[in-house]
Every structure is written in structure tokens, then in C-alpha cells.
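Heads up, the next two complexes both have chain A, just with different partners, chain B and then chain C.
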Partner chain A sequence: MTAHSFSVSRLFHHRSFALGSAMTACVILVALMAMIGTPQDPTAMDIAQKMQGPSEAHWLGTDRYGRDVLSMAMAGATVSLAVSFAAVAFGIAFGVPLGLFAAMRGGALDEAAMRISDFIFAFPALITAIMLREIFGPGALNAMLAIGIFNVPVFARVTYGAALSMQTRDFVVAARLSGKGETRIAVDHILPNILPLLIVQATIQLSLGILAEAALSYIGLGVQPPAPSWGRMLNDAQTLMAVAPRLALVPGLCIVFTVLGLNLLGDGLRDLLDPRLKRRRG
Partner chain B sequence: MVRYLAKACFALLALSVVGVASSAMAAPRTDLNAGIRLEPPHLDPSAGAAAAIGEIVYANLFEGLTRMAPDGAIVPGLAESWTVSADGKTYTFTLRKGVTFHDGAPFDANVAKFTLDRARAADSVNPQKGLFEPIDAVEVVDPATLKVTLKRPTGAFLFNLAWPAAVMVSPQSAADNKTKPVGTGPFKFERWAKGSQIDLVRNPTYWGKTPALNKISFKIIGDPAAAYAAMMAGDLDAYPIFPANENIPQFQKDPRFTVKIGNTEGKTIVALNNARKPFDDIRVRRALAYGIDRKAVIEGATMGLAKPIGSHYAPQDAGYVDLTGKYPYDPEKAKALLKEAGVSNLKAKLVLPPPDYARRGGEIVAAQLKKIGVDVELVPVEWAQWLSDVFRGKNYDMTIISHVEPMDLDIYARDDYYFNYNNPDYKALYTELAATSDPDKRKALIAKAQEKLADDSVNVFMFLLPKTGVWNAKLDGLWENAPLPVNDFTAVRWRD
Partner chain C sequence: MSLLWLARRGLGLCLALLAASVIIFVLMDLLPGDPAEIMLGTSARPDTLAALRAEMGLDRSAWVRYAEWAGGLLRGDFGKSQTYAVPVAELVGERLVVTLPLALISLCLTLIIALPLGAWAAARRNSTTDTAIVAITQLGVAIPNFWFAMMLVLLFAISWRWLPSGGFPGWDAGPRAALALILPAIALALPQAAILTRVMRSSLLETLSEDYVRTARAKGLTRGEALRRHAFRNALIPVLTILGLQFSFLIAGTVVIENVFSLPGLGRLIFQAINQRDLVVVRSVVMVLIAFIITVNFVVDIAYALVDPRLRGRG
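Let's turn to the complex of A and B:
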């Protein structure tokens, strides 16, 4: 991986990367804007103004309680991204060291670490979320933790596989011969070389996290009222589908847009960062 | 090949359309698919409080000595007539002759005595034991005559006997009624496909008028979106209480359906734990009453279909007084009252059971109380948890709940009820009411009781749940109102 492969102009020649990063940047921008302020308070109800179509005061209309749909969708972006980013960070913080440790040590400890990771992997995020709800009660933190726990084995496996394939590479062997400790080798030589892979995985997990958060909130295990969330907006809109499809379309399209953006970005990054694919492309 | 297939399909379709059309012309339908929201835990109304039990078996399968008419009046059931002694303490019932249970067992005064004694026994599991508490003795005069002596005159006794919990059961089958209910009604139990539907079929040996239907299927479809789709697709012919008010306008626009917005007895309240600080302070309770805008809650949680209430009493019942103007929405006054009570930064938990009126109402109430400086945390729970934490455990600050029992002013006089009201003046008032049988005096006392509850602002009284009935426009005989949580389909018929 040499420096020139990151040249900006080359990156943006890749179509899915360019499109994906533009879409993701949009969502992040909106989420940041919503942190400063939304056009209206996304939790303020005005029942007299309920179920109104788009107007100057409410660009995307109002929901069943007269809340501003645009403000809710914007605030929902913040919640979605925050939960998803935190969950990925959680997965990296625990998964990467676990995978590295197993790959470097080998033997029985390796087995143990990877079997633990398999064990966690066996529980879908939904089951974990239901369990956590019984312990801590429902909430955004619960969703974050549930998705985060689900992310741990994913990162552990990716790290393990990649780190294992590095073990026989010349520069690793050289480092070992020169007397470097295992930890140093892992941090100095292996981690930088598997970083591209982790970045790609992180992008994919981010998009899965957005979906998982929406699903958890939709069934009432994630973000709790009155906090806005795309999943909750969808749930609220469900019985109103025939009357005001707009209410379901707005959060639905927000989710599609964000997930699509992240997936395109991930695809692009994988193409650009994976040396094998690069070689094949010639 | 594809073309042949398509032709074959088309021919089949055409044939089936012709088939449907010809059978529809021959005679009106005699089956009914009715939607219900919750699956009952079992089918014995004398052993379980779930309203879903009565919604299936009352009047259709089980009958009581008296029964409730669609307008809430008490009419003869298995007792064809009765006389009341001058002191109001002795009721003599003349029972119908020739009545048998679905298993062939005869119904007579001995069976009636068995039923009443079983319901009021010390080890009875009847969910409404209070209905039978006034009974002192039950006597069989002859097989067609039953004499019931009361401890004191009880104005509502005939009404009590019309409840689902007071239906007549046979000594031979009473123990198995939970899974194989055996009654005297015009329909008998056929099949219960758990999680999906319960079928009743016509009872050929019914003593009374033969019903027009010969089969009723109660289909359990609780999800509002699925219920809407099932109605639209014709899988359901009737949904006596449709679960999503937001779909009502679409049914109203569609000529295939009849929509009736009627009354239930569901008094929907924000119940307050009167024993817990600061809700033990009347000023705080009044502040909450001023701080909740009923009109907005009704608009947002029931799509504007509900009627507001000002006390724990339904507008259609005898003796109602309109107290809805007692606490008009006034956030400033609410704030002043809270300040007067020395309460600031009040944080409270609002427990919300699953129905929409609670979940949606809770969101709105929380937003409104925020404006008067009360920080409400919403706690959504399942029914089992609500029953154990709130109803039995009395471990809660506030909760939103609908009390569907008719004229249940007695619950505020109970010592150990989950409101923790425990007010001696109200108890005295209720004791007087329970012992009064003169209709006018009763009305006056009922009015006084409503005023007392509103004045003490025991709970925040919000609205009466509407009965949003939707059914096929060709159906007649369904109830517009729900004076009891029941679906009496005995008079339902299809028009040609």
C-alpha cells in the first residue's frame, strides 16, 4: 500500500466510491446540523395541526400528533448515526484486540478466543437486545450495546483471518527474527497492513447498524418515545399507510438513502484498498 | 405452453366467479367471521377476568338468569320473570322450562343454585365475586322457581346477574368450561385453533328463537394493519371494536361497510398512586387535571372519536352528571397549584400497557405535562407486567388505563385497590348508594359520588373509549354500543 494509491482524484474516479461518499457525507452533514438545531422541536406536539401535507411551515408535513416530520427525520439521522457509530466503535474496541490476540498467540488460547467469538456470534442482535431490555430496560443505550455486542465477533473474525495470513509474510518474519515482541509486531506491522480491511468492514457494519437500530426501535426495543427515530416513525406511520403514505415514506427513504450510501462507500473502498483486486483490474 | 396455462387459469377464474355469484344468489349467507383483538386465556367467564372471554361466549354460548339488551336494559334470560319483595331483599325467579345444556343436561333451579353458590363460595375463582357478595341464601322452591335472599337491598342485583361472570353453568361440565365450554345458548363450542380462531356452531336444541347464523368464527387478528387488510379483503365480515381508529374514515367512505361509532363503558383515566408523594397532595392531583388537555389527547390518541369524561362514570349511564368543565385545560393554573404545593422539578414515571389509547395517549400526556414542569418518563409494559406491578403490586406513579366495567363506582370504595384512594367520606357515600334501591335516590347518590371523585381529583379522568364497529353493510343485528364488553351475535343476520 503506497501513498499514491490514496490520491484524491483517483479515488473519485471510482463511481460507487464517489456516489457513496457523497451520500454518506450528506447524511452526516444533516445529522450534525440536527445537533445544532432542527427547524422545529421534533418532540413538540401541536394536535390542532396534525396530519397536514407539506407546507411552508412544515416542508414534509406533520405527523399524527402535529410534529414536524422534517425535524423528526433530521433528529432521527443523529440518533441513527450515533447509535451505529458507537456500536461499530464498541465492536472494534473489543473485536480487533481479540482477533489479534488469537492470531498472534495460536494454540489453545486461540481456540478459546475464537470459540467465545462464535458463541457471541450465535445470538442475533435482536435476541441480545431483548435480553438487555430485560436487564436494563429499553432505550437507545440498549440498542447501542446490543448492536455493539453483535459487532464484536465480526471484527474479531476479520482481524483474525487477516492477521493469520500476515504471519508468514517476510516483513513479519524479519521483525520476529530481529527480536521484536509479539505485541509490538501486531501493533507496528500487522495492524497497519490489515487496516484497509477493517475500514471496509467498519463501513459495512455501519450500514447494518443503521438497519438494526431502525428495526429495534420499530419493535419498541430501541429508542424510546418521545425521542425521535426512523424506526419509531415507521411504526407510528404503519396504521396510517393508506391515509398518509408520506409518513412512512420519509423515514423509509432516509434509511434506504443512508444504507445505500454506506454500502456503495464500502464497495468502493474495498475495490480501492484491496491490493488483490487492484492487481486483477490491472 | 405459457399461453395454455394462462387460458386455463382464466377459465378457472371465470368458473369460480360464476360459482360464487350463483351461490350468493341462492340464499343469504349463514356464517360470520368476526375479528377480535386478543385471544382469551380460556373460555370460562366465571373463572377469568379477561374481557376477551365474554366477548366470545356471552349470550352466544352461555346465558345468565338475566341478560343485557343492546341499549343496556336488563331483560329476562334463563329466568322468564321475577318478583322482588317489598323490602327489596328477596328475589323470586321463575325459570324457563325445557332448557338443556349443550351436553343434554337439564337446566333447572338446582343448577341455578349450584351456579350462584359456586360463584360466591369462599374458594370461588370468579373474577367478579363482588357481584354475588350481597347474596345471603339461595333456595330451590321447585324446579322452576328460585328464591334468592339478599343481606341488604341491592339496587343493581338484576344488573349484576347479567354480567358474563354470572352465566349459568352445569354441575356436570363446570370444571371443564375453560377448554370445552358447555352452556345453554343458541351456539355451541366447536373448535379452538390456538392463536388463530375459535368456532361456534348453531345449537339445534336451543330453547329460544333459532338464530339466523349457523356458524360464527372469531378470528384473532390484533395487529391493526392486518385487521385492516382482512376487512378490506373480505376475510372478516365484522370487527365489533376495530383496533385502529385512523382507518375508520376509509371504511366510512367505502359503501361495502357499515361503520358505527358507539359507546363502551371504557373510562380511560390517568390513574394516580394516591398514596405516593407528591400525588397524595390534592393540589398536585388537581394541577395534573388542569395540565392535561383532554381535547388534544382525544384528537391525537383516538382520532377525535372519543367523548370526554369528568369523573369515573360513562355519559350514557343513569345518574350521569357532566363534570368535564371542572378542570379546563389551564397550564398556568396547573403551575400555580404545583408551586403552592411546594413541588418543583417533579419527575414521575407513567406506565403504559399495550393498547394504543395508552401508548399514544401517554406520549401526548407526557408532552403536555412537560409544559407545566413535570418531567414524565414513559415506561411501556406488557399486560402481565402491568397486572403484577401496577394492579396488584401498586408500585407505580401514574398509569393510563381504561376501566371497562359498567358503573364501577365501587372500586374507589375498596380498601386495597391500586389507586390507594382510601377516603372514609367516599366509602360512606358508596355504602349508602349500595343499600339504596329507589331509582331517584340512587341517581342523586351516583351524582354525588361522581362529584366527590372529581373534586378530589383522584385520577385524571380523560375520555370514554369509543366502540368503533365496522362490518359488512349487508349484516344486520350487531350492537352499536357496548354496555358490557361482549359480542352478542344472536340477532345477527345477512340480508340478501
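Let's turn to the complex of A and C:
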């Protein structure tokens, strides 16, 4: 089993882990707070108050419909994280079993499963979103599925590679000799051991998902108005860039902050959970 | 490279293209219901609908329609656009002269930035330069390309008025056309360059610790010479892998960035077609983009085998 010695102080001495987890915790906290309530209704328009600069009533000002930018950004965090988390869950739910299956079975099925996963990898979320749009219509579900489908081959490949390297390890051989079935071995012995790798990959896919969701909503394939989302806010802000660059800065910085936090967290986790990789990365 | 290996790979490419065409056809033609009704809207007159159905061949079976579409693709006949009333192949051709140069310029920019920067960081491992480069790439990966594009427009087009904020004058305009592609290409190249710099750095660090580099040092080469003569070339293999994998992101990025800058490329064509409910165009352009990605991945596969003979034995 994994033999990493863990202590909380060691965790937080790692700079990128400490910084990344703090940033990510911030975003998750804001997203949770926004589920309970935002300072103002993020969809409430107030034309009399449109295009206001930052003030006491509107900390980050208002947009062209007089909506409160802070509230929209907060609600955007919820949407962005929800879509991205769901897409990662989708990727894990289908990718991990596929990768495990291929690694345990071997032979022609193994080859076929991995070829299929390579093939899916050729479909960027954007193209999938365009294709699914005719069936589901544009919206958060469309974005989640498109990003989720792209996550499947990613998790399949990581699982496959890691599970394959476990096949010759003593504890797997021992389990096989003791008469355990392949499924039991996969669940009892392989999965717990490749979990660190999957966690790291999940963090990376989360951050990619945030970027993809923003792009999809920006071009109109993702979250639809009036539901607030960072991508939509950027789309709205584009024509107003000369007048109010603030409207483009707020959602953009939200995305950068979130993605940066998740990436730092992923890097830190990789160093901490997999010492082998750390040595290799120098 | 053995012919058998090449033939197997070629067969794989054909199968992948075939599978892609089936998936695209099923998702965009069979499942959404009546394409003619989608295109004309529910308020269309029955006779107009019937006419469009006949024109699109919707009265025939799905098999026949697929065979006609796929057969047409093979002959370069992508169907006819409903809104522009011209062959889709013609539209695609017109748009490719924008999309292709854009993708190529940003690819070149990516390599010009990433390879030296990654090598520089690796050569000065753990120095301030290295730390700074790693920090910058960390930021570069986190910035969405379309937001970066907007920030570039804000600076270079709105504030300083050095470059156009969007639109494309056509290649007849010469230098002005090239100017119009500068900001979009930079916006596309940034995240790609950030990722590739990181890959280049870690790959070079790995090769620098290999025995042959130590041998080279032992026979009197300086660290820099060993890096240039021995490590650099070998470090390029993982870079090539990632470059191939990143290609689908580059294509997706082009689609988004063209919309930020209103460039008349394939990406803009897709979205205009989506808004105009011109399904024939959407379907064929999606197929073109996917075929492009699959083919590039195939070429990268072959390129590996040329660079690294050890990989030829596999699959």
C-alpha cells in the first residue's frame, strides 16, 4: 500500500500546495456563499443604476443593465465550479473503469479500449458542444457533457498507465495467487494505489474545465442568460471595453485566480503524493 | 520504418475518420429531429418545409443520406449552404486562407517562445531566472486565451491604437492583413507557449541527468555544449508529443479567437452557420476540423517513429 508519511505541517510547508489550497478554498467558499445568497440579486436589472463605478452600494460597480457586478461574479463562481466538478465526475465515472478494464484484461480488448479513448481525445470540448447543441440546446448541461466527454479519455489514460505499472507489483501478484478475481484486485489493490494520481489529474481537469466552461459560455454554447457566468460577463463586456474595462477585468481575474489556484494545488499535490514524480521533475 | 507498421497506422487513420463521420452524422443529422424544421423554424409553411426536405434528401433513408454525405466528402463535395446558396467547399476554402495562416503563425510563435525559454530555464535550474520563468508560465496557463485577447485589444488597439481591434481586410490588402492577424496569433500562442515551456524545461532537465550527457561532460564539454549537442534534441520528443496533443486545443482556440476579433475564418463560419440554422455548413465544417486534428495526430505519430526508432515496435 502507499507508504507516504503525511503530516499536516509538511503539507503546508509546500509553497504551491499552501498557496493553491488557500486560493481554491477561497473560491469554493465564495461559490458556497453565493448559493445561500449574494449581496444583490445577480439577475436584477436596474437601468437607472447602469454602468456605475464602484460604490458603497455596488462594490465592483454595475453593468449596462444596472446589475451588481460583484453579485454576478459570485454567482458565476458557483456555476463555473458546478459545471467543472460535474464534468470531472463524468470523466472519472467512465474513464477510470475503462482504463482499469483495459489494464486488467490486456490483449485485443485493451488495445481497442485505448484506441477508442485516443479517438475521443481528438474531439475538443468546443466541437463536442457544437455537436450536442442540436440535441440538448445551449446551456450548462451542454457544457458539462462536452467537457465531461473530453475528460473520459484523460482519466482512462492515466488509470491505464498507472494500473498497468501495478500489474507486476508483489501485492498484486500475491492477491492473484490467493485466488482473488480481477475485479476484486482492481478495486481492492489497484484503485487505492493509483488514487493519488487520479486526485492530481482531477485537479488539473477541474482547472481546464473552468477555462473550457468560460470559453463555451463566452461564445454562447454554455450557460445562457440571464444565469450569470464569467464567460457571459466577458461576452457582455467586450463591446464596452473602451468605456468600462472594469467589466472585462472582474470576470477575467476571477477565472485566472481560480485556475491558478487549482493548478498550484495540483502541482503541490503531485509533489506531495508522488515523490517519484518530484524527483523526475527536478 | 516498416511498411507493415505504416500500413497499420494508415488503416487506423481511415477507421478514425470513418468513425468521426458516423458520430457527426448521427449527432447532427439523425438525433435532433427534423433538420428542415430546425433550419426553417416551427412557423415555416408546410410546402416550404417539404421542398427543403426534398432538397436535403430527408425523404430518403438515413443510410442513403449518410452514404451520400460521406461519399461527397471524399470527392470534396461538402454539400450546399442553405443561407449562402454556394457549395460548402467553396466557403471552407475562402475561410481557410484566414484560419490556416492564423494557426500556423501562432504555432510558430509558440515554438519561438517556448523552446528557448524552456531551455533557458532548464540550463539555469533553481536560479532566479528559472523561478521567474516557471512563475510566468504558471500564470500563462491560467489565463483564458479569449480574455487575454480582449486585454490585448484594450492595450494595443483601444489605448495605444497600434493595431486593429478586429476584422480582416483580406490578403489583397497585403501588410494590413498581416497586421490584423498579429493580436489574434499572440492571444492563441500564449497558453500554448506557457504549457510547452514547462514541458521543454522538465524534459530537458530529465535528459540532462542521462548518462550520455554525463559522458559528454566527462570528455570535456561544458554544460552549455552538452545541452546544445546532446540533450536538446532528445528533449524534443516529449515536446513533440504535447505539441500534437495540444493541436486540438489550438483548433478550438482558433474558433473562439476568431469570434473575439471578428475574423472571417472557419470558426466564425461555424457560429454564423449556427445562428442562421445552416446545419449543412455546421456539420461539414465540424467534420473538416475533426479530420484536421485526427490527421495531425497521425502525422505526429509518424514523426515520433522517425525521431525515436524505439517507438516503431509498438502498436
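Keep this in mind: the second predicted complex is superposed on the first by the 272 of 282 C-alpha atoms of A that agree within 3 Å, B and C clash if a C-alpha of one lies under 4 Å from a C-alpha of the other, contacts with A are read in each partner's own complex, and residues count from 1 in each chain.
One rule holds in what follows: contacts are C-beta pairs under 8 Å (C-beta built on N, C-alpha and C of every residue); 3 or more make two chains touch, one makes a residue touch a chain.
All values derive from a computational prediction rather than experimental measurement.
Clash or fit: chain B against chain C, after overlaying the two structures on chain A?
With chain A aligned, chain B runs into chain C, so clash.
Figure out whether A:Arg64 sits in contact with chain B (first) or chain C (second), or with both, or with neither.
first
Scan A:Gln238 for contacts with chain B and chain C and give back first, second, both or neither.
Both chain B and chain C are touched by A:Gln238.
Figure out whether A:Glu111 sits in contact with chain B (first) or chain C (second), or with both, or with neither.
In the superposition, A:Glu111 touches chain C alone.
For A:Gln167, decide between first (touching chain B), second (touching chain C), both and neither.
neither
Touching A:Thr43 in the superposition: chain B (first), chain C (second), both, neither?
A:Thr43 contacts chain B only, not chain C.
Could you look at A:Glu134 and tell me whether it touches chain B, chain C, both or neither (first, second, both, neither)?
A:Glu134: touches chain C, not chain B.
Hey, is it chain B or chain C that touches more of chain A?
Looking at chain B versus chain C, the one contacting more residues of chain A is C.
Let me test your reading of the model: by the given contact rule, A:Pro226 touches which partner, first (chain B), second (chain C), both or neither?
The answer is first: A:Pro226 touches chain B but not chain C.
Running through the overlay: 24-32, 42-50, 132-140 or 186-194 are the candidate stretches of chain C; which one clashes with chain B?
Clashing stretch of chain C against chain B: 42-50.
Touching chain B in one complex and chain C in the other: list those residues of chain A.
Shared contact residues on chain A (touching chain B in one complex, chain C in the other): 220, 238, 241-242.
In the complex of these two chains, what residues of chain C are touching chain A?
The touching residues are 12, 16, 19-20, 23-24, 27-28, 31-32, 38, 125, 138-139, 141-147, 150-151, 153-154, 158, 202, 205-206, 209, 245, 248-249, 251-252, 255-256, 259-260, 270-271, 274, 279, 282, 286, 289-290, 293-294, 297, 315.
Under the stated contact criterion, what part of chain A meets chain C in this complex?
111, 115, 118-119, 121-127, 130-135, 207, 211, 214-215, 218-220, 234, 237-238, 241-242, 245, 248, 251-252, 255-256, 259-260, 263-264, 267, 280-282
Give every residue of chain B touching chain A within the complex, in rising order.
Counting only chain B, the residues touching chain A are 224-225, 228, 244, 246-247, 249-250, 293, 295-296, 299-300, 360, 362-364, 366-368, 378-380.
Enumerate the contact residues on chain A facing chain B in the complex.
Per the touch definition, chain A meets chain B at residues 43-45, 47-48, 50, 64-66, 137-138, 220, 224-226, 238-243.
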